[in-house]
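Sharing a structure with you now.
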Amino acid sequence: MNSPPGVTRATLVKDLRLEWRSKDAINSMLFFALLVVVIFSFSFDPTAEESRRIAGGLVWVAFLFAAVVALNQTWARELRNQVLDAYRVSPARANSLFLAKVTGNFIFVSVLEALMTPLFVVFYNLRAIGPAYQLLFVAVLGTWALVVNGTFFAAMSIRTRSREIMLPLLLFPITIPALLAMVEATSSILTGEFSARFWIVLLAVYDVVFTTGCLLFFEIVLHGE
Amino acid sequence: MTDSPIIAVNGLVKQFGRFAALRGVTASFEAGRLYAILGDNGAGKTTLLRVLAGLTPATRGSIAVLGATNLREVCAHLGYMAHPSLLYDEMSGMENLRYFARLYGIQDDARCQAVIRSVNLDPSLALPVGQYSQGMRQRMSLARALLNDPRILLLDEPFSNVDVRSAREMAGLLGQLRDSGKTILVVTHQAALLREVADEFVWMEAGQIVSRTREFQPEEAK
Amino acid sequence: MTYLFAAYVATWVIHIAYLGHLARGYARLNREIEELNRKR
Amino acid sequence: MKRAFPIFAILTAGLLSYGLYGALIQAPTEQTMGDVQRIFYYHVPSAWTAFCLFFVNLVASIVYLVRRSPKVDALALASAEVGVVFCTVVLVTGPIWARPVWGIWWTWDLRLTLTLVLWLIYVSYLMLRRFSSSGQTPVMAAVLAALGALDVPLVYFSIWFFRTQHPQPVIGGGGSIDPRMLHVLLMNWLAFMCFAALVCWSRYRLEILRRQVEETQALESLLAGGSSR
């Protein structure tokens, strides 16, 4: 009757339309990421050879912080007028909602990355010495890792008293291995010193494990109370 | 419909930390009737409705709706209208309903339009719901609850901040819905509006049902 | 030797601090139980 | 059960003092590290105890998700909290050992980092328990515990590979251990496990009691409110 892909598509379209009308998430996220880039380039002299080594870390930390801004927004929208309750009383599957939200966030964060990467390249004069095409894998897998966990923990943290603060507190410890993998893979490719293969595989495993885990538990979180 | 109650709750307790909103509610509601649930603020009316809608699990006690104890199984037959509108402010009424229809597996626009017309609104109105008047918003909210043609309607304060004329109109509509065989539970402060249409008045106080009367008795019941 | 001493002291300071926290919890609870009994 | 508590407490105190005696006097002094090595008798058993407690927490969380029994949830809370305390001990004594032996306070050593990440996950677990509204706390916390457990092997592999890429100070490990040292180590582990069980039990009872009081208060407050109206 109500096919899960149909619900997912409808929710995704609805989210994109809402975002297109308000542009809340994407604007605040973009500006925030811009600020982070500028502040980082003050803090670490971008021309120094040493800073190129840490550029991978800077890029991902900037994206992580910016993604948190967007992730908090996704569920805030559902809380206004308690629209989430309307979803919860309907027979639609919880996982359809989760997948729609993850896909939506994946699109937002990818747009952000596409816009911010040129800035980093310019500021830090980046040039990949290793195989540059691997960066694409790292970006896709890394973004998915951030977004899957982020969406899940954002759904968890909206149920707590101090919503906005709770998300990073839950998200960051669990994301440590993924973040380490993203940073190390990016640095390996940029410097060309090591092979990034292990890290890409690790990221892929992380994605599979946590996508499965989140899908398994999301219904409990959504209908928990 | 059978004679067995469509909703039966037994010893329902709902505790929020150091506060109990429901303190042992036992009641049954029969099919095809309109119940008005009355009481002061904090008497537990809204919590009871949320528990019945499957939004809040009870701390203790048992519930059976349409014979099912797992409310997820019967949620397709429930319509729930909350105090907040449960609508997206940025979208028009039709866009809202089209989205919620998908959640119930309803694909055609005709159903959405029919529901909007049944609450006396214009389906072609492009105004986002956020700019509706309170009365329009409540009616659109009712339309959302009616979308899946539910057998049981749970309505939380449908008349709040609605002008008298629209409120009367809505009360009349509820009577028609009841006559078409739906079971309706209405939580409200304005019991007088339902004087004509309600079959039974259920008074709650401090998390318990204190009395049930067929006739509307404004002061005596308190 | 100073390091050894520091480590052992630190261990017990942490444990005793937690035990103190627990004891405070019990004390508060007992107070609340007494209050409840008085109300009855 | 109630009478067993003081007996068990005395037994634990005895074991702890015996462990302390063993660690400071009985055990032979290590050749290269000297007396500082004796931190080892507290550091390692604490780590093992912490891991055991986290394991108890994981099992309790999974059981809670299946059975939804509030008592299991109280056990999960107790084990997580006491586990964090023991983990803190590990993280504090670790650098105190590392400083004189390796000349640095901290290194991104596999075991050290894993412990740190576990500590972070469980602190966030406790934070979640603290900040979420009462009704849903146990479910959310149990889900977080399960996801945290999924994270551990991934953390392990990432740090393991991270270490092979970056040069590290060589850590004296492996090799055979003096049987007398091993005896003291195991003795201390037993003592700490007993101590942990004791503390965990008190915390568990505190939680159960707290919930009972809360429930009574909830019902009483409404009674009072009802009659005044």
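All chains are identified by letter, namely A, B, C and D, in their written order; residue positions are counted from 1 within each chain.
As a working rule, contacts are C-beta pairs under 8 Å (C-beta built on N, C-alpha and C of every residue); 3 or more make two chains touch, one makes a residue touch a chain.
As the structure is a prediction and not an experimental result, all values here were calculated from the model.
Peer 1: If you tally contacting C-beta pairs, which pair wins, B-D or C-D?
Peer 2: C-D
Peer 1: When the C-alpha atoms of subunit B and subunit C are each averaged to a single point, how far apart are the two points in Å?
Peer 2: 49
Peer 1: Please compute the C-alpha centroid of subunit A, do the same for subunit C, then give the distance between them in whole Å.
Peer 2: Averaging C-alpha atoms per chain gives centres 41 Å apart.
Peer 1: Could you give the separation in Å between the centres of subunit C and subunit D, each centre being the mean of its C-alpha atoms?
Peer 2: 17
Peer 1: Would you give the residues of subunit D that are in contact with at least 2 other chains, written as numbers and ranges?
Peer 2: Counting only residues that touch two or more other chains, subunit D contributes 133, 135, 217.
Peer 1: Multi-chain contacts in subunit C: which residues touch at least two other chains?
Peer 2: Where subunit C is concerned, no single residue meets two or more other chains.
Peer 1: For subunit A, which residues are shared contacts with two or more other chains?
Peer 2: 225 - these are the residues of subunit A that touch more than one other chain.
Peer 1: By the document's touch rule, what are all the touching chain pairs in this structure?
Peer 2: Listed in label order, the chain pairs in contact are A-B, A-D, B-D, C-D.
Peer 1: So in the complex, the part of subunit D that touches subunit B is made up of which residues?
Peer 2: Within the complex, subunit D touches subunit B at residues 133-135, 214-215, 217-219, 221-223, 225-226, 229.
Peer 1: Which bits of subunit A are touching subunit D when the two form their complex?
Peer 2: Residue positions touching the partner: 152, 156, 159-162, 166, 169-170, 172-174, 176-178, 180-181, 184, 194, 198-199, 202, 205-206, 209-210, 213-214, 217, 220-221, 224-225.
Peer 1: For subunit C, which residues are in contact with subunit D within the complex?
Peer 2: 1, 3-4, 6-8, 10-11, 14-15, 18-19, 22, 25-26, 29, 32-33, 36, 39
Peer 1: State the interface residues of subunit D toward subunit A in the complex, per the touch definition above.
Peer 2: 65, 117, 120-121, 123-124, 127-128, 131-133, 135-136, 139-140, 143-144, 146-148, 150-151, 154-155, 157-159, 161-162, 165
Peer 1: Under the definition above, what is the set of subunit B residues touching subunit A in their complex?
Peer 2: Residues of subunit B touching subunit A: 53-57, 72, 75-76, 78, 80, 82, 84-91, 95, 99-100, 102-105, 144, 148.
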